[in-house]
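Presented sequentially are two complexes of chain A, the first with chain B as partner and the second with chain C.
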Partner chain A sequence: MISRSWRNLCRRYSQTVTFRTTESSPSQHNEKQIGLFYSVNHDLCKQLFAYGGLPKSFAKQTKTFTETAIMVRQPALDLIDCIKASDFNKPVIRYVMYGEKGSGKSLTLAHLLHYAYEEGYLIVHVPWVSEFLRRVPRHKEMSNSQTREGFVDLPLDVAAWLLHFKTQNQVLLKNTELKISRDYVWSKRESTVAGSPLSQLVEHGINRVKYACDVLDALVYEIKQLSNSKQCKTFVAIDGFNGFFCPLTRLHTPTKKKVKPEEVTLTGSFLELAKNDWSNGVVVVTADQLALPDDHQDSYLPRYLLYKKGFELLDPFVPIEVGRYTDKEFLSCASYYRDRLWLRGPPEIETELKFTSACNPYKFMEQCAPL
Partner chain B sequence: MALCFSVKHLFPISKCYVKNIILNNVCKYTSKNVPTTNHALDNMTDWETLSKKKKISKAMKAYLERAKEHDEFMKKQEFEYKIGKRHLANMMGEDPETFTQKDVDRAIEYLFPSGIYDPAARPLMKPPEEVFPARKAAEFDEAGRPHHFLFYTGKPNFFKLLHDGAEHIQQAYNFEDKVIRKKAVPDPNGELNIDNSIWLTKEQLEQVLVESITDLEYDNFKLLMERLISLPYAYRHKEFIEKYRKPLVTQRFALEIPKPSYDDEGRAFVTTYECLRKKARGDVTIRVPGTGKITINGKDLTYFEDVQPREQVMFPLFFTNMQDRVDVECNIEGGGPSGQSGAIRWGIAWGLRSFVDKDMLEKMQVAGLLTRDHRRRERKKPGQPGARKKPTWKRR
Partner chain C sequence: MSIFIKYYKSGGLNVAFSNKIWRYNSTSADMAINKGEEEEEFRVLDILKKRQRQQRRVNRRADVQPDRADRMPTDQNWGNVWPGPKTFHPSSVPLPLRQGYVPKGQAPPGKKANAELMKIPNFLHLTPPVIKAQCEAIKQFCTEWPKLLNSEEAIENHYPVEIITSDYCHASPSIRNPLARIVTLRVKLSTLKLDQHARDKFIRLVGERYDPETDLVTITADRCPIRKQNQDYVNYLLTACYHESWNFEEWEREKMEEDMEYYNWDKNPSKRSLVNWYLKTQNQSKELSDEEYSNYDVSQIPNGEEYKVAVSSYMNDGESEGTVEKYGEAVRKLLGLPQKKVVS
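And now, the complex of A and B:
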């Protein structure tokens, strides 16, 4: 056993590693590192992606590979360049990432989140919209909204998301500079006064699950205010954004009435963030086929996936396509898999795999699994 | 009558009334013309002169009767065939004198189109010698004594063959002994080439011998012949051996490889039409030189969702190592992914013939890339859940 691991170690470090870059800060990444992997610090990974953010299959793989290695790809670099070059006094610029299934939209988003974290953005990250609207576990906590007539609350989901928000921004929230601008009265005894820190608002939402949705509304408003007043800069990342626009959710009220996405309170809050009536922020959303029901997956282009409603809401936006692997990326990925012993066998199989997977990152990973 | 002679076993009964009209006419025609055709049959067994001899055994008598019957039958069939041919020629509006067997086949196919799967079951009109198996001539003289020394084995021709074979082996041994005694070297030119031929099959051997033989007997025949050709001087008996061997058909496809044409960019291309498998139909164009780009109905390889059909498509390319030297364009419709990919696979392999060398061509042939898959979906049978699947057996 020892000799085997020794042999593996020798093999691993005897050759020059061509698929890895030591540059672990996304802000320093440039064209030279395209197609190379960088590993994300484990603690940071736990902080950013503990409640989702990495696709499930990739999360499983990080466990197998004992590291979180993300490939530096062109779309992420483009986006970073755009963000660097943009003027933060102007209204926020919306970026829409689109691409075929399994082409790495979520991982590009993860890369960008890492960048945003490094740059000290306040991160508002929704890991997967369909988690709220389309995934219905046996006991989905639902209640009618008390503040808004005819709306539905998902208090537990929102509370969980607030926790996610808190962990992602634990450094920034310690800063007491971030103060809220309005008084919020939740009930006779409970209220949050103006001037108390933002973290208190979040804490309230987590502790008093009943008010989580209202807290979310308030939070969105406060974040916008803070950004406008240059107290912080905000990075909004919403994965599977088009899930907000599908005709029906899978939820239904106790009276068996189907719920539309716009009747859920959290939809309104997050859509508020996607509008460009505020500044000093970045909005990155993805349009994904998987976020929609099976009968609406014919094309991967944003106009089709976002429906008319979503397209009009986001317009104007910067479309960014996340494509399949290029030859260089494919080779680097294959050698990474070989290094991790995920792919073995004669070198010819790589050309075959390139063919059968059609350079689709997810398909490639899946097809290597039994090899 | 004439037309119906050999066709009558095969025609559907519903056409009988048409035949009867012809039949009546022909019968009249026949009775008038019988005397004139007699001279053509002189080469048949002369049973009349034979039967005049007084001392005749019972076996001979029975044989003569049978032979007479058979000869008459054949004569009649022959006559009917000729008449039928003339009728057919008239029906087709051609000259009856120059109407050949080929024309007959064509006319029959035209007048009686048949969709029956097995060609042997389709209507036919052939000369009677081809339809009825040959019969043995008399095997004994008037006194009832057999001509053949192996007559009482029941299969004289077959055992004569074995006898001859054994004799040839013996001769080969003797010759070898002689050569050794003289200390001579064997003739280097005398080589027996058996690579391009095979032994006659059992059915073919039966036809040659005019006797039916059992499997065991056929095995014995092969054993004997194998032993003969394994001897060093077997080439001296080449003539005997080759009588019982059949040459292998040379591979036909090698001759018909199309020359690629050139498009306006100067690239060579070959289009294969009618690529079929299961219910899928399509055509495949191969362009050389290319970069390994594959277009299926306007999409790339992602047209197929699963790995299996993608592998099918790329297999001929990887087999010939042409994956990044050609471009492939396919139009395919009908069927499912497996059928479509199978059709494309065949089309690519068939088109690649123009761009590979002969060695590779043979390898492709051996790998089965150039073979059409003619299998179709098997129909469901009534009374059972599938084509072959039977209902679950239950005691009660």
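And now, the complex of A and C:
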């Protein structure tokens, strides 16, 4: 018993020294903390990532480690610097994160979301685009759009997303200053008048699933208006953005016709947000190989993944590469895993793991699992 | 009595006289004694005839002359020994050659009676001194090399068209080789007088015969039976392509942006979005026509030129980590963002 508590004490002591930073506010992170882990408050984590946002394997790991620890890495710091330096009166700047599979794009995005939350941005976060377009569970709710001819709605998905939006921004939405500028008439009896709070619009979308897609359109329009008029600043984060540009989705209409991404109403809404015709906001998207079909995963570079359409939409964007671990990051990560007892064995094993995983964060985590 | 005879046999000159005397005296007595000895001796029956076999004469060979190769003087004129191409002959070649299958632990077979050496063609008639001598002999028939063509560049400049043919030389009943008819014409594209349109069209016409890395157009003809015909044909092809590329057909106006062989930034949406972005930062909202977009002067946008170069190289040179990085730098300058910090 004594030896156990002694070991715990040792572990805690080592935590403070080598691989952890006590600085838990992303806006305060700087170069000195590169490669160090900071832990995210559990409640905040639940609020931000309850409906997705962390990769599945990482979410599982947080459960195992009983904490959500994110490594402070160069791309995130770089992006935060850029956001701090940018002029919010000018049109929004688009950032595209790219990198090999499993190099930590989504986690960098999570880090940035935390930053945005702390800075009081209105967060528009799409956890994974392919969740809408490429994942087809047995009962995918799909209907033809009432308002737009030839388009397809995904009402349930959109309603779920609105719920995600609501939870992420619950603090900001309480603010009744955020008012909508137009009257929206949904049906004979239902309408949302101009001047009612934004939260009402969102609520309507969640409660009346039938109109969720139209609500999303309205919401995007209103967010742009609000941002332009400086009533809020907006942080748009879309993971797997290139999923919007793949040639076909996995959806079928009842007539067995394959649906193209641009024929889904939500695609149009989110692409509208990625344009730079509004200001006072930040748009961060990731280009991921996994968001595309298998035959289009040869390169991880943005132009290839975004196709011509996506590139032209985003251009000029700031490409930000999320690379493999550097030596320092790798050592820090290894000692973190050792601390969490995720990695055991002699110290030479680290050299070997470094070689076999090629410093790829995801592979490293996977290879440590059975050790 | 026999003792006496022995004594006198071993005697000197003075004994010779007495010998003579004694011989005359004792002739009859000697005869009698010899007869008696022959009768006493047994004759041996030699069944196996051993003696005869021992006595058989050993056949001695006639004396062999040493090899010619061994007798050659070291300072001989090799060209005279081996004047022309011929099959290998061991006695003519004073070299310790070995060739053939090597049994384990032994040396390869020597040069004598070696079919392996005879099978392979040799160049013993083309040693450097021989070649030199032959060149010297031909020299009187040569004209002088033009003085102005003193470098590779000068030759390339004055004679841009290169004709490549092959001659074949072999020992068979026919001296003709069908491969000798093939003619290859090579010319640098930059030496042809072409404008931008003509150049593009020329490249499309010649297709894969143009190598962009070396800038060479290679046209090969083998369809006619004779070299002369092929050469004419190759020249015809080059001429035809050249003049055709200068023609402008009406349907060429229908060329779209997707058909472009290179990325023309001025006509692409990238420029449009840049101009739109710039106008928005200046708080102007203008609707421009396509013409105005493509003619918009980028140099008035700060860092616009650099951005143009970066996007063009991104698209034209292919996507790689380097071009993406350059593009990122240009965009950051354009948008006024801090540059990426280099991680130590």
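By our rule, the second predicted complex is superposed on the first by the 354 of 371 C-alpha atoms of A that agree within 3 Å, B and C clash if a C-alpha of one lies under 4 Å from a C-alpha of the other, contacts with A are read in each partner's own complex, and residues count from 1 in each chain.
Definition applied: a residue touches a chain if its C-beta (ideal position, glycine included) is under 8 Å from a C-beta of that chain, and two chains touch if they have at least 3 such contacts.
Everything numeric in this text was worked out from a predicted model, so none of it was measured.
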Partner chain in contact with A:Ala358 - chain B first, chain C second, else both or neither
first
Who does A:Ile223 touch here: chain B (first), chain C (second), both, or neither?
neither
Specify the partner with more touching residues on chain A, choosing between chain B and chain C.
C
Kindly classify A:Asp277 by the partners it touches after superposition: chain B alone (first), chain C alone (second), both, or neither?
second
Between chain B and chain C, whom does A:Leu301 touch in the aligned arrangement: first, second, both, or neither?
second
Contact-wise, after the overlay, does A:Glu312 reach chain B, chain C, both or neither (first, second, both, neither)?
second
With the two complexes superposed on chain A, say which partner A:Gln367 touches: chain B (first), chain C (second), both, or neither.
first
Using the touch definition up top, name the residues of chain B that touch chain A in the complex.
300-302, 307, 310-311, 314, 318, 323
Chain A contacts chain C in the complex at 31, 34, 74, 78, 81-82, 85-87, 90-91, 93, 98, 276-277, 299, 301-304, 312, 315-321, 326
Residues on chain C engaged by chain A in the complex (per definition of touch)
268-270, 273-274, 277, 280-281, 307, 311, 314-315, 319-321, 324-325, 327-328, 331-332, 334-338, 340-341, 343
Residues of chain A defined as touching chain B within the complex:
100, 351-352, 355-356, 358, 360, 367
